[in-house]
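Chain lettering (A, B and C) follows the sequence in which the chains are written, and residue indices restart at 1 in each chain.
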Amino acid sequence: MEFVAIVALLALLQYIWFAVLVGQARGKYGVNGPAVTGHPVFERYFRVQMNTLELLIALLPGLWLFAHYVSPTWSAVLGAVYLVGRFLYLRSYVSDPARRGAGFGLSMLPILALLLGALAGAVRNL
Amino acid sequence: MEFVAIVALLALLQYIWFAVLVGQARGKYGVNGPAVTGHPVFERYFRVQMNTLELLIALLPGLWLFAHYVSPTWSAVLGAVYLVGRFLYLRSYVSDPARRGAGFGLSMLPILALLLGALAGAVRNL
Amino acid sequence: MEFVAIVALLALLQYIWFAVLVGQARGKYGVNGPAVTGHPVFERYFRVQMNTLELLIALLPGLWLFAHYVSPTWSAVLGAVYLVGRFLYLRSYVSDPARRGAGFGLSMLPILALLLGALAGAVRNL
């Protein structure tokens, strides 16, 4: 299970890094809290952080339940694919929001695989 | 504990379905990212997804801690009430935001019961 | 582990209290859903709740993994520091967003300590 925990912690540290980028964009583009709009590049960084939060709520239970009911090794592998996908999502969204599709898919599909695999495993265990 | 895991996974899949509805509403009402405003019906779908994220952060630990300290069966039952309440919340919010109260209550009250029950159980175990 | 569970549950109840304050601010300042802007004081309460959600996604796994790999007692202590920091964050943000730094640091630093400590513990266990 250590690899699953390490992947989960790296996903959270990646997310905190995204939040730091949002804070830096606040300064650079002069968007003071509580505002979350005002400059298009700031808004891209903010949406990357928010979308990552939206995925983490499903990734983390998915990693654990898949590891428990199916396979810890494959759970960590799917989590590693997510990490790469999220990094590509950041890169593409900030340069051009219209090109975020590949990075989004590469971070969303492992989550769906984790949730559906864990669901099948839990149902089989009934 | 399998029923608790199944309810948690269904809550996450329901939430991903809500996110898919937001994506479809982006296309239908011409609201391109990073914007999250611009058409009232899109904003309703977006708020349903966000509010569901706001509840999931409390539901998931609540399900597990209640199951651990109080009862796995009642944890799964309260989670099932949440699932129905969230579905009603989606339906009512999209048709008329002013009528979202019943669905909200039916998804919020099970969460409060899970958290307060788990807290009482953990304190009793000290 | 009971103290870790109690701190986690208190963090979630504190967050629900912040959400209730947002609901009250909706009424007081006439900001009806799905809108999340329209009055500066409402927007402060809303950002406090959202920022707390942004931190909880990292706090909760951090509490558990730190307790598992390092020390349950220190996990609960760091969680208690977070609780105080979040309360100060609410107080300062609502009165003057520019003064939210101390409360933010006092709730963010324990989370970083939990994540990095848990990561070191999991790597050492490989």
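Throughout what follows, contacts are C-beta pairs under 8 Å (C-beta built on N, C-alpha and C of every residue); 3 or more make two chains touch, one makes a residue touch a chain.
Not measured: the values here are computed from a predicted model.
J.: Same or different, please, for the chain A to chain B contact, judged on whether over half of the interface numbers appear on both copies.
T.: different
J.: How many degrees of rotation carry the C-alpha atoms of chain B onto those of chain C, rounded to the nearest 5?
T.: Best-fit rotation on C-alpha atoms: 120 degrees.
J.: Could you work out how far the Cα centre of chain A sits from that of chain B, in whole Å?
T.: The answer is 19 Å.
J.: If you look at chain C, which of its residues touch at least two other chains?
T.: In chain C, residues 53, 57 touch at least two other chains, as defined above.
J.: Okay, in this complex, where on chain B does chain C touch?
T.: That would be residues 40, 43-44, 46-47, 53-54, 57-58, 61-62, 65, 68-69, 93, 97-98, 100, 111-112, 115-116, 118-119, 122-123, 125-126 of chain B.
J.: Residues of chain B touching chain A in their complex?
T.: On the chain B side, the touching residues are 2-3, 5-6, 8-10, 12-13, 15-16, 19, 32-36, 49, 53, 56-57, 60.
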